[in-house]
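What follows is a set of notes on a single structure, which appears directly below.
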């Protein structure tokens, strides 16, 4: 009772599970190429719902931060989020697969050294700096690279709006994780409970709202 | 914490579960004959997701390699993968069921003696040699047998590309299992943890990517 | 390790679960009257998958034959298999519901005294003999009764082929159960492990292959 960190794990896992059903049903309703984007949104929330239930158990029974399972979740869900930039453009025009592969490389450069830093296989500062470079590379791609040019030149108004919201989510929503890392390991430590609540709430934006931005474009362009 | 073998079981079981949803949704979206191929891809990942969750539990709680359950998984999923060679050709032209039955026989000749060797019901070398013959027979069928001829003569460009990727997966991706067997039983033993991680990662190619190759052909040929 | 009876319960429950997904997906794909037959095939495999998981637990934890649960499974699945004879004919022509009701009566006459014999509520020989009469009545109906006449006179080539395969499954595939009963209770007992493996493998034919025979006719007649 009163374990608000535990509650936030529970709350998010329910919200993620419900989002999964929503995205799958809307994919079935809309059909066509948009269905694939919505299905991928559902995969993100499905995988995360599962991980959150498990992370809650770890938290409730040990009181420790389930860091390893956050990274396993990220390793699966962040590439799927990156595919979305490709898919929402592929739903309306012809785009090269290179967009996805470059974003995938950025993801791995961001996550692998970050994990190695947290888990003690790499100096925490080095892990942080390399991870930041990976993230910056992703931001470069979606703000100034091929994807951004295709979006500006060929996308419908709805896709442009949702592309913009997705882009800023990757900028502002994602910043929470390196900030948490910085506070926890480089700025003298932070309260684990608070950090987990912040991470959990961040996923409402980065996983659920991100999926809803795609749903918005899909819904506008199919009706 | 830090049990990377256990993490890889978890990671793959999540990836397999998510793939199952993806293949089922895409089967519903595409319809027609291609839907059957995508449904069978989903059955492979579904069965494997279940086995992986169980194998993870075996590993985490006993530290032993869940060899028996790998073979049970293979006994179900390898025939389903073989059906795919038949189904992707049947989606575009008329093909004889003999293609599937010959591949099924190759599968049993590969797996049954392999298991008997590992489990001590047959000399390990004999089990290995007979198993290799079964695999070579499968390779002969898909590289030079009836299926390969139908693919070359009648398949669309997309089906030919995906047939080629599937063929090479059976060659290179599958090679990991007999190599593991050889290292473990015939070349003086190998580290069980490492071996399980390699097997687990191999299934990303042999089960998930294999399904995505089929999805590629289905997606190209229906849109 | 090495508990092959336990493995066979696991293997069949996975195969049944996968078959359920397959039949449901194909029902959605095909639509029309055939969808109902495929959905009923899925109900059979779904109910059995559940029973098998539970029966496996009983076997693994107690080493006893889960006889009661086999009968509960049969009480649900055998009538559904009987409905299939009606449904595949109803998918192509107008047939009377009497076909189903007579097969249902045969089922109850076969199963109820059989169970009472095994459970000790009736003399084992009496239970066996009455049960056999029920089975023979079912065989009469599908070989020489109304259903067989409709199949011969009005069915398409594909439905006739699948009707034939179903008919012979009820003859040969089903014979395994009374033989098991006979060996176990009337011929001086038999090894419970072997008997369970044989029963489990029989269900691959009687539940999964039976469903695939129907799928064959459905697939031929809708494409």
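All chains are identified by letter, namely A, B and C, in their written order; residue positions are counted from 1 within each chain.
As a working rule, a contact is a pair of C-beta atoms (placed from the backbone, for glycine too) under 8 Å apart; a residue touches a chain by one contact, two chains touch by 3 or more.
Computed from a predicted structure; not experimentally measured.
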Identify the chains adjacent to both chain A and chain C in the sense defined at the top. B
Can you report the angle of the rotation that maps chain B onto chain C, using C-alpha atoms only, to the nearest 5 degrees? 75
If you list every residue number at the chain A and chain B contact, are more than half found on both copies (same) or fewer than half (different)? different
Distance in whole angstrom between the CA centres of chain A and chain C is 47
Approximately how many whole Å separate the CA-defined centres of chain A and chain B? 30
Junction residues of chain B, two or more chains touched: 28
Which residues, counting only chain B, touch chain C once they are in their complex? 24, 27-28, 31-33, 35-36, 39-40, 42-43, 46-47, 50-51, 68-69, 72, 75-76, 80, 119
Which chain B residues qualify as touching chain A in the complex? 1-2, 7, 10-11, 14-15, 17-18, 21-22, 25-26, 28-29, 223
